Structures are given as C-alpha cells and as structure tokens.
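What follows is subunit A paired twice: with subunit B in the first complex and subunit C in the second.
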Partner chain A sequence: MNVETLREIGIIANRSVRRTLRQPALIVPTILFPLLLLAINASGLDVTKNIPNFPADSYLDFALVVTFMQGGLFAATTAGTELATDIETGFLNRLQLTPLRAPAILIGQLAGSMTVAFLASLVYLAVGLLAGAHVEAGFGGALALIGLAMLVALAFGGIGSIIGARTGSAEAVQGMFPLIFVFFFLSSMNLPRNLIEVGWFRTVASWNPISYLVEGLRSLVITGWDGTALWRCLVTAVAISVVSFLGASATLRTRMART
Partner chain B sequence: MSHDGITVDGLVREFKGGIRAVDGIELQVRPGEIYGFLGPNGAGKSTTVHVLTTLLPPTAGSATVAGFDVSTHGPEVRRRIGAALQEAALDNFLTGREHFELQGGLHGLSKADRASRAVELLERVGLTDAADRKVGGYSGGMKRRLDLALALVHRPSILFLDEPTTGLDPQSRSALWAEVARLATDDGVTVFLTTQYLEEADVLADRVGIIDHGHIVAEGTPQSLKEQIGRSSVEAIPANPDDRGAIEAVLSRFGEPAAASPKGVAVRLAGGSESLGQVVRALDGEGLEVAHLQLHAPSLDDVFLAKTGRSLEGEEEEREEAAA
Partner chain C sequence: MSGTLSVARAVARRSLIHAFTNPALLVPSIIFPLVFLIGFAGGLSAVGNVPGFTFHGNYTAFVFVFVFLQSAAFGGVFTGFGIAADFESGFARRMLLASPHRSGMLLGYALAGLARWCVTAVLVTVASLVAGMQVHGDGVQLGGLVGVALLTNITATLFGAGISLRTKTLQAGPLMQIPIFVGLFLAPVYVPLKLLTGWINTVASYNPVTALITAGRGFISGAPEKSLLAFACGAMLAALMGVYALRGLRRAERGL
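Let's look at the complex of A and B:
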C-alpha cells in the first residue's frame, strides 16, 4: 500500500466518520438495543448462574460481551448501508471520477462503522461496569476487549460491505440483519457449549465461528487471560476480516466497471 | 484531434439482454465548443456520457477524450475531465465546503489549493453564504450549482454535464446556463451537455447532436438544423370543432401536414411565413372561424419530428404532467 493510497483512505475515512457522527439514527440504536437486551437477559436469566459448571458468577458477566457482538453486527449493517447508499445515490460515481482506488473506498468507508463500534464498545463497557460486571483480565483485558470488539466489527463490516457492494441497496443490507442474528442464537452466545444439552444445537454451535468470537471476548470478562480462547477468537476474526474484505473488494471492483 | 476535444467513432454500448443503448454513434466535439446532446429519455444520452467519462467500458467502437482513448487510458481521461452527472450525487451530511475538501483531496490538490478553489468556486456559483451548511438543506438549484462547481475543482479542460437543469426552476436554469456559457467563452472549457430541453440546446449549444434509440439522427448548429426543415408552419384551432375537416382542406392548399396540438390542424407552409396572409384570406373566404391561429418558426423539435416522426416537445409535456 503506497502513500497515495493511504492518503485516499484518510480522505474517505474522514468523510465516513463525519457523516456517521452526524447521523444519530445510526449511533443511538447501536448503543441502546444491545444494552436493552443485556438488561432483559441479565435480569431474567440470572438464575442460569446456578446451573452446575456455569462458568460465571453472574449472568451479567457472562452476557456482557454479547453487547459487543451485537454492536459489531450493527457496524456491519452501517458499513453495508453506507456503501449501498453511495451506490444508490450515485455518490460512488462521483468518487469513481477521481483517481481513487477501490480498496481505499472500502477501507475508508469502514472507518465510519468502526467509529460507531468503538463508541458503542466504550458505552457497553462503562454501563456493564456500572451495573456490577467485573472484567477478570483487569484494565489490560478491558482494552483487549475493546480491541477484539473492533476486530469483530471489522469482520462483520466486511460482510456488510460485500452485500452493500453486491446489491447496491440499503434495504437489502438491512434485510440481512435478522439472518445474521439467527447465527448469533445458534452459537454459544447464551449458554456455554458444554452446557448445551441438545445434540444438534451443540454441534451447530461448535461449527459456528460466532461461538469462537463470543468465547474469546467472554474469556477476558469471566476467566482472565485464556490463551486458547483468545487465539481462536483472533484467528476467526482475522480470517473473516480478510475473506470478507477480499470478497467486498472484488465485488466493488466489479461494480466499479470504469476503464 | 486536439487534446481538449472529443472524438467518437462507431461507439456501441450494449447491456444485458442485447439492449443497445448506444448503437454506433460518431461525433466530434471541438475544443472550447459547447456540444448539446439532445434526445428524449432513454435515447442513450446518459450511457454515452458514462462511456465518455470512463464509468462504462464501450462494447465496440472507440472514443477519445482529451487525446486519450477512454477504453485504455481511463485514469488519464479522468484527470482531464469534470463531470456533473444526472443525479447531482452529493452527501447530504457534508457541507458544501467539505465537498470541496473531499473532491479536491481525491484529485490531489494541496490543502491550500483546495481551500482557495472552494472559496473561488462557491463564490462563482453563488453559494458562499451556504458554504458551511449541510447539503441536505440545499434546494435542488443549489445542489446543481454545487455539483457544477465541484466538477471544476481540479480545473478540467473538458466538462460533461448530464441534464444539468432537469427539475430546476426557470431562474436557476438561466443562472446555470450563464455559468456554462461563461466557462466555454472565458475559460475555454469544452462542454459536452446532454439535455432533453429544446430551449437549452438552442440557447446554449454551438452545435447539437440529436440522438434517438442510440443513433444520432441529426447534427449541426441549431440554426443549420432548423434551416434543414426550412419552412414555417401554421396551426389553426377551429372555433367550431365540426369545421375541422374544412379547415384541414383549406390549409392543405398551402403545404404538407405538420404536427399540431390535439384540437388543431397544422401545415408546413410551402411559401414560408409570407403566405400567412393568404391562409387567413382563404379561411375567411370559406367562412371558417378559427379560435386560434399561430405561426411557428422552425424549431429543434421540428427537426426531431422530421428525423424521428415523433415530437420531443410532446414527450416533454408528458414528463412534466407526470411529474405534476
């Protein structure tokens, strides 16, 4: 990546962050919705901690990282919607008439959704701590949690970008939200895999990469520095990020049929 | 061809299903010229602009813009052209000035140059007071003017304007025409302008190409095209609808039938506008009363009608009625 591409990424990222921060409708639901779900689950499912071998002292500790995952999902929707909107409105044509390169558009565009994910992560963590959650890995673990959450947001953002670039429709991107949400519920999001008694569900959860993302983030809150959970999370997030970015890049190149 | 002109040779652009939006067009635009590309919706105007601005590769044929082939030298072409496309695609959440920051930055202008160009161009299009307002609050005319100014940020030698005044009120339209004319005359910018407005092509363009179903059906200066049609026409609307046939018979003595409004009868006057007096006397002599009698000088619509058998004006009215 040369200096010129970095400069282009900076310009597009600047625009992406500005326009994202000027749309409260993108930020507020991203922060509020996962916190509402956390509040409902933490109060309603707190007795789950009494299940033998349940790995946390409170369901709040166990479920806190789900907010980060949902924040990442919102980031995906934001990334995809913003790219699709640029296609729909013709703004992508404006960008194409400049020397800008396709990867610079993608990376720059993701900056806005990453900003949302960052702000949301800070709020989730602050609210969780205020509500009595405890990060077992300490201050460094909290920072790692935010870093991993950003990586998860990047991975999901890449998927959102593929759909945005492929369909060129903000509605289509928003339509994928429930679909990905199903994958969340088919993971170890709500219960550790070893406590899932239904065979097919445990199998699906074990094959579901979302489980490894959740378990990596969760380990920082409820276990401390768990190397196995962390490397699995990191590898999964990086793999999804790379594959989704390459996919989005190829799709956008096809969309940008300029000579 | 000069480095500030456009040459198009047998250009074809085919879409999925074999639809040929542009079907073998040939044209040349001279440096500093305003070339009006006139045609109805779906004629192939925007597709031609997309190919010439490198946004779409041609299916066949070739096109050279600013001395570079659009198929093989896209980046070189893009550096030399500015374009305001049909949809005036702006970011509603950015201010006018921030758009200059973005566009100027992507064209490689320095920070100081971007700032000075923003001041200069915003002033030129009358948007200085609105420069720091978000574009979402701009009117349609303001957005079009900003779009035009942004197309000029990197000092292009060729400017593509795709239906720049569609949807604008008459005042905004006139202001934009004045600016486009000034760009060509004062700055020597070559302008390729698509339009579906006859008046726009007539007032603004040095030469006009009329496109229909992907083919150029006529090309020349507005005056020379109208001279091809040559003669004026007269239209009479009967005071009594029952007299329509009789009026048609009288008018047919003076020339061939021409396009008329639904209630009217028209002929192209074989003897030119000088024969209007004879028409009036003939109608009077037959005791026929007309509610309305109008002499039409040849227009670009007459040229379009003569070349395609359809009226562009009729389509324009339908569009406006549909929009209302």
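Let's look at the complex of A and C:
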C-alpha cells in the first residue's frame, strides 16, 4: 500500500466521516437506542438477580456491555447503508474511474461507522457509570472495554458492508438488521450460559461467537481481568473482522467488475 | 368510494407482489419476531421461576403474546419502509399524480401490511406451539387476541406511513423503528407488571401498550383482563395515527 493509496483512502474516509456526522438520524438512534434498551432491561429484568448463582449484584452491571454490542450492530447498519447508497446513487461507478481498489474503498467507507461507534462507546460507558454501574477491572478495564468495542464494531461493519455491496439497496440493508439480531438473541446476552434452562438454546449459545464477544466485554465489568474470557473475545472479534472484510472486498470487487 | 377502493386494491396488489418477490424485504419481517420468541422463550425461561411470577400458562405463552403484538407492530414498520422506498424510487410521486383518490393509497398500503403480517403471525404461532406453548383461552378469547394485534398492526402501519410521507426517505427508518420499539418495551415484557419496580413500573402503568399486552395475555391464559381498555386504547391509537398519516399525505401532495 503506497502513499498515494493511503491518501486516497484518507479522502474516502474523510468523506465517510463527514457524511455520517452530518446525519443526526444515523447518530442519535445509535446512541439513544441501546441506552434506552439498557434502561428498560436493567429495570425490567432486575428481578433476575434473585435467581441463584446470578453473577452480578445488579442487572445494570450485567447488561451494560450489551449497549456496546448494539452500537456495533448499528455500525453494521450504517456501514452497509452508506455503501448501498453510494451504489444506488452511482458514486461507486464514478470511483471506478479512479485507481482505487475495493479493499481501499471499504477501509475508507468504514471510517464513518467506526467514528460513530467510538463516540457511542464513550457515551455508553459514561451513562452506565453515572447510572451506578461499576467496572470491576478499573480504569484500564474501561479503556480495554472501549478498544474491544471498536474491534466488535469493525467486525460488524464488515458484515454490514457485505450486505450493502451484495444487495446495493439501502432498504434491504435496513431490512437485514433483524437477521444480524438473530445472533444476538441466540447468545448469552440476557443470561449467563449456566443459567439458561433450555438445553438446545444453551448449546446454540455456546456455539454462537456473539456469546464470546459479550462474555469478554462483560468480564471487564463484572469479574475483572478474566484472561480466558478476554482471549476468546479477542480471537472471535479478529476472526470475524478478517473474514467479513475479505468477504466484503470480494463482493464489492464482483459488483465493480459487473458495472 | 369505488375510486378509493380501486386505488387501494392496485396499491395493495403492487406492494404485496413487491414484498413477496423480494426475499430481502420479506424475510426480515418474518425472522425478527421469531428471533424474539426464541430469545425470550428459550434464553429467559428461568425468569418464569422468579418468586411472585404468576401466570396461568408457561413462559412461552407469556412471551408469545408480546412477540405476536410486536410482529404486528413491526409489520407496520416494514410497510412504512416500503412507502419510503417508493418515494425514493419516484414511484410514489407518480402514484400521487395518477391516483384519483389518494387516500386509497394509504388504504392500499395498510391492506398490504395486514396481509404481510398475517403470514408472520401464522409462522410465529406455529413456532410457539411447536415450542410447547400452553393455550388455555377458548376460540372467542383467541379471536380477541387477534383483534388486539390487528389494531396494533393498523396503528403501526399508519405511523410508518405518516413518517414516510413526511420524510420520503429510507434514512428515516430509525424514526419509524425506534418509537415503536421503545413503546413496546416500556411495557411489562419479561415479567408481569406487579414485578416491575421503580420508574419502569410507573411508565408501564400509563403506557397504552401495557393494556394491549395484558389483555392479550389474559386472552391466551383463558382469564380475560382489561379487554375493553385494550380495545379502546387500540382504537384510539389507530384513529390518531390515521389522522397523522392523512396529514402526511396532504403534505406529500403539496410537495408534488
């Protein structure tokens, strides 16, 4: 990757960040929606702390990291929608007149969603702490939480880009939102795996990579520095990021070849 | 009237063909409620063992009612997406110009949304029964549950239409999704109202969706509760959203 390519990626990234930040309709829901769900679930499911062996003193501590995961999910929707919009409006066609290749375009396009994910992570953490949550791993743990959340957002952003590049339709990307949600719900997001009563659900949650992302992030809040949970989370996030990025690059390359 | 119906029929037919020939548009509206059903009934079933949790039926039946109403509401949201997409593509503007009775467009979209939701509702019900849902309500009571869900679907469709007719862009998707989502979740979703504590109990007590969910759970457990209140709330919300959508239509007409 030479200096010229880096400069071009920078231009695309700058455009992506500016375009995203100019759309409050994209940013505000990304920040507010997970916080609203946190508020609702932390109150609505507070009775679960009465279940024997529940690992936290309050459901707020337990559920805080779900906001980071949802922020990552919104990153996926944002990345996919932006890419699909560029395809719909013909911007991608015009980019083909430049020397930029698909991976470079993708890196630039993901900058907007990553910026939103970063801002959102800071807000989630601040609001969580203000609401009474406690990060067991301390200040360093909070920084690690933000770092891991960014990695998760990158992983989901890659998935969103695959959908955006494949469908080329912003409407389809919005509609695919629930499909990604499937993996969230089939994970240990709402209860620890050992407290899930339904056997097949517990098995699915154990095979679902989202469980390891959630548990890694959550360990920093409710346990402290849990090496096992953290390396599982890190490996899972890196693997999804690499696979989704390669998938999105290949899909975008195919689309560019077609046009 | 026949002109309105004619427009409604054409719009509904076109919307349904569009939806049922585009899996990317249809599948999510079906998957979404199924995911919630699986996630809640499977992942949270331990919540049914919390002291004070009293419901005549199992936890699957308890969450089914919420998911059933949620599917009805999100069926409406997806219809709103379709309207916004029609505006983005320019098709809706051409329809506005061509329709002799434009309110028929709203009726058509609502009918299409209803038909789409019927498919989802059947699938969610079958999935719940397969998962072992206990149903104690009789035929009339289950009809009441469907009635409450129909009102929910119509309300959400009109709300989505109102937003789409004003914004004319799919980027307003979150503006359609989030209020519906929040409205649904500010109700007793996971546990009965009496087990909610603090601010959520207060908000849920005044949330009209609580009446819809409580009535639905009463119907399925064979012990109707707050039925009249639920139908009154549903009808009132549908009427309000009808006005909102019609005013949106007038605004869209002025923008032609």
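In this text, the second predicted complex is superposed on the first by the 257 of 259 C-alpha atoms of A that agree within 3 Å, B and C clash if a C-alpha of one lies under 4 Å from a C-alpha of the other, contacts with A are read in each partner's own complex, and residues count from 1 in each chain.
Convention: contacts are C-beta pairs under 8 Å (C-beta built on N, C-alpha and C of every residue); 3 or more make two chains touch, one makes a residue touch a chain.
What you are looking at is a predicted structure, and each value in this text was computed from that prediction instead of being measured.
Contacts of A:I196 after superposition on the shared chain: subunit C is touched, whereas subunit B is not. Shared-chain residue A:A257: touches subunit B; no touch with subunit C.
By the document's definition of touching, of the two partners only subunit C reaches A:L37; subunit B does not. In the superposition on chain A, A:T228 contacts neither subunit B nor subunit C. In the superposition on chain A, A:R22 makes contact with subunit B only, while subunit C stays out of contact range.
In the superposition on chain A, contact of A:G175 is made with subunit C only, not with subunit B.
Of the two partner chains, subunit C is the only one touched by A:A205; subunit B is not. When both complexes are overlaid on chain A, the residue A:R94 reaches subunit B alone and has no touch with subunit C.
Applying the stated contact rule after C-alpha superposition, one finds that A:T48 touches subunit C and leaves subunit B untouched. Greater residue coverage of subunit A by touch, when subunit B is weighed against subunit C, goes to C.
Note: residues 23 of subunit A belong to the subunit B contact set and to the subunit C contact set alike, using the contact criterion stated above.
Within the complex, the subunit B residues that touch subunit A are 53-57, 70-75, 77-79, 81, 83, 85-87, 89-91, 93-94, 98, 101-103, 105-108, 134, 150. Those residues of subunit C that touch subunit A in the shared complex are 22, 24-25, 27-29, 31-32, 35-36, 38-39, 41-47, 49-52, 78, 81-82, 84-85, 88, 170-175, 177-178, 181-182, 185-186, 188-191, 195-200. For subunit A in complex with subunit B, the touching residues are 7-8, 11, 14-15, 18-19, 22-23, 89-100, 257-259.
The touching residues of subunit A, when paired with subunit C in their complex, are 23, 25-26, 29, 32-33, 36-37, 39-40, 43-48, 50-51, 81, 167, 169-172, 174-179, 181-182, 184-186, 188-191, 195-198, 200-201, 205.
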